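Both complexes below contain subunit A, partnered by subunit B and then by subunit C.
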Partner chain A sequence: MTTGADTERLFPEGEIRTVSGGAAQPARFVPGQPDMWVFVFFEALVFTAYFTVYIVSRSRSPDLFLKSQAHLNLRVGVFNTLVLLASSWAVARSVQAARERSFRSALTNAFLTLFFGFVFLVSKVLEWAAEIGQGFTFTTDEFFSFYYFLTAIHFIHLLIGFIVLTVAVYQLWSPARRSQEVIETCATYWHTIDFLWVLIFALLYVMR
Partner chain B sequence: MNARFEKRLLVVWLVLSAMTIAQLGVASVDRQAALTPNVEITSSAILLALIKVRIIFRQFMEVRHAPVLLCRLTDLWLVVTGATLLGCYLAGRLA
Partner chain C sequence: MSASAMGNVPEEPPGSLLRRIAWHWRYDEKRELWIGWWTLVVFYNLYGLLFFVITRTQPPPEPSLGSSEVVEWFADRRHGLVYGYAIVFIVGGATAIMNATLAYSMRRMSVSRAFAYSYLVIYALATLPGMLIMGVACTVGAMRPDRDPELMRWLYDFAFLSFEGTMGVFLVGSLVWMLAVLLDENGVFPKWFGYLNLCNALTEVVVAPAWIFKSGAFAWNGTIAWWINMGVFVTYTIVFLTLLRRMILREDFGTGPLPDLSPGRAPAPSGLLKAAR
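For the complex of A and B:
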């Protein structure tokens, strides 16, 4: 049974099922390809290991870490976080629009995601340039080694994210290529960049 | 786009942004040229981050519609990560 509030989801094989809303029992589905979720968990665990090594190292010389952390620009960190959250919002809208076959809206939101990603990229490069300009480089001390390592690894994921988003745009561009599963897979990767940054921001900029 | 979903996504984004601003507030407490160790600030920063990540999982990544196994695995990772990070930090403070 479906209601007016229900949303239909076009599955790759062309089947349409009700997934949410009203009195109907939501049908459960894995967003995107399951392989991408395996990759997400792998990346999440790898970053958990990085974060653990960072905190253990930090607890060995807390004064050094706090002294160096004070040189980071907290407001830039907040700005970058807000920008990436906006990009995640846009890609989530893109997925939803594609599901409803509003492909123009999906494409617009995919481009908006690329725009926010590019703003993050420029902001991060400018932040690095400012820090290097002040003499804080990878070899300055242990904190800055971790800072550049974590942000650079994340930056590489961001660059891969641009390629992934380009795939989503390519899919959305032509009716002959549109695959909801591929678009959801691309979005899942992009959200991973976002949630990893949320943790990096807390550990590098906020914690004491 | 479905107005209900559009509103939901907007509210999620606003909540996540508000939590980020809250983290700015937390980080600004007693922030001077020389930072000092602070268990409350660190704990709240990590917990706020984990809550934000769970919201991203559930709402943006649509884990709320996913099979139970995926829901449980994402929650398990959050619990393990939170326990590890807070545990290592607190153990380091006590040492």
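For the complex of A and C:
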């Protein structure tokens, strides 16, 4: 039985626990499987290493990097960033809706996330095609080597993200499944893609 | 537990390491698993010693060396290459025991046996690009120093590109292990190890540009294609060796979930000891 001061919270695996208002403790749990956070931490470390190599290379040939960077389309970069941020927003809404057991809304937002992810994918492929069309390829110079490398390794993460989101949709689809923990784990992966892109965008398109 | 309570299986004797090893050899029903695990530990240490110290082929040399420099490179380390790779060829078969131990972890999981079989086949193939092709190419270069320098340079490229640039088998192997860990319901490995397999697989992708570049971060000796990749691989190897050891300690030779290894508590007696009681 809950009192007026008590609140209900949906914990992973759909378990609702009552948190007493009088003895309220701040919520202390990580979303999804803690195991996924090992992946986030490790990938953050690996990408930090890639970014460090990029920055060191850039500091050795600043003029070359600036000159080549000017050939990137900043507007497309901003568009891609906004699209991925929108996808992160949609997946966060999906998780929130699932916590509130509004599974229809959660499913809609999961599909919206997939849609934004797909828009990013198409936009990125078109951007690459346009750059290759202008003669800027993987071997053009050091800047473009890093540009294609960082965006391509991120792209592979994005492709895996579609599989991960499909798992979330599969979970949300049937009342027999709907593991909150799995849904949050999938969302954590998707946020990681967004987080990495924001850093890649800042380094490749914005940093002067 | 007294010896009498355990039937004719005596307690593990305290004291000297040799006596304890003899006891385990005689009575420990996990003997084969421990042999497999120790083979992994010894092999990886030996692998490091042979490649980094004796043959001096790792960290990899410059990919952009000219023909005369390549001839010098082979001449400089001739004995190291010949004797080092001779040992590699002798101990190379140990990979069968290692792969079997890794595949055993998948057989102990609740997943289909297809995972263990796929892993065995993939890693049997991985022995070729993982060490044997490079060993053969370097040994030929060291044993035939009188050949045309252009041929020597071809051998040099063949050795390092086969070693550094062919990571597809390792990538798929890591993904197989990842899927097995994530689908497993027996708790053989923690789920984070499944995700770590994905991290390892993703770093296998980044060596592909080594085929294109002869200098810089993406060349076969580059910061991204080699150093970061090696850092991830070493971390991954230490982690899976630790987890395999823990799996063997927890092994109860059943088919359900692996029992936990509570701190300060010995693992549950295994089948042989139970049977002896």
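Going forward, the second predicted complex is superposed on the first by the 187 of 208 C-alpha atoms of A that agree within 3 Å, B and C clash if a C-alpha of one lies under 4 Å from a C-alpha of the other, contacts with A are read in each partner's own complex, and residues count from 1 in each chain.
Rule of thumb we're sticking to: a contact is a pair of C-beta atoms (placed from the backbone, for glycine too) under 8 Å apart; a residue touches a chain by one contact, two chains touch by 3 or more.
Since the model is a prediction, treat every value here as computed from it, not as a measurement.
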item	value
Contacts of A:208 with subunit B and subunit C, given as first, second, both or neither	first
Subunit B versus subunit C as contact partner of A:153, first or second or both or neither	second
Contacts of A:100 with subunit B and subunit C, given as first, second, both or neither	first
Contacts of A:111 with subunit B and subunit C, given as first, second, both or neither	neither
Subunit B versus subunit C as contact partner of A:50, first or second or both or neither	second
Touching partner for A:128 - first (subunit B), second (subunit C), both, neither	neither
Touching partner for A:162 - first (subunit B), second (subunit C), both, neither	neither
Residues of subunit A that lie at the interface with subunit B and also at the interface with subunit C	none
Complex contacts: residues of subunit A adjacent to subunit C	33-36, 38-39, 42-43, 46, 49-50, 53, 57, 138-139, 142, 145-146, 149, 153, 156-157, 160
Of all residues in subunit B, those that touch subunit A in their complex	1-2, 4-6, 9-10, 12-13, 16-17, 20-21, 23-24, 26-28, 31, 33-38, 41-42, 45-46, 48-50, 52-53, 56-57, 59-63, 65-68, 70, 73, 77, 80-81, 84-85, 88-89, 91-93, 95
Interface residues, subunit A side, partner subunit B - complex	5, 7, 19-21, 26-31, 37, 41, 44-45, 48, 51-52, 55-56, 58-60, 62, 66-67, 69-70, 74-75, 78, 81-82, 85-86, 88-89, 91-93, 95-97, 100, 102, 105, 184, 187-188, 191, 194-195, 198-199, 201-203, 205-208
Complex interface listing, subunit C residues touching subunit A	190-192, 194-196, 198-199, 202-203, 205-206, 209, 212-213, 216-218, 223-224, 228, 231-232
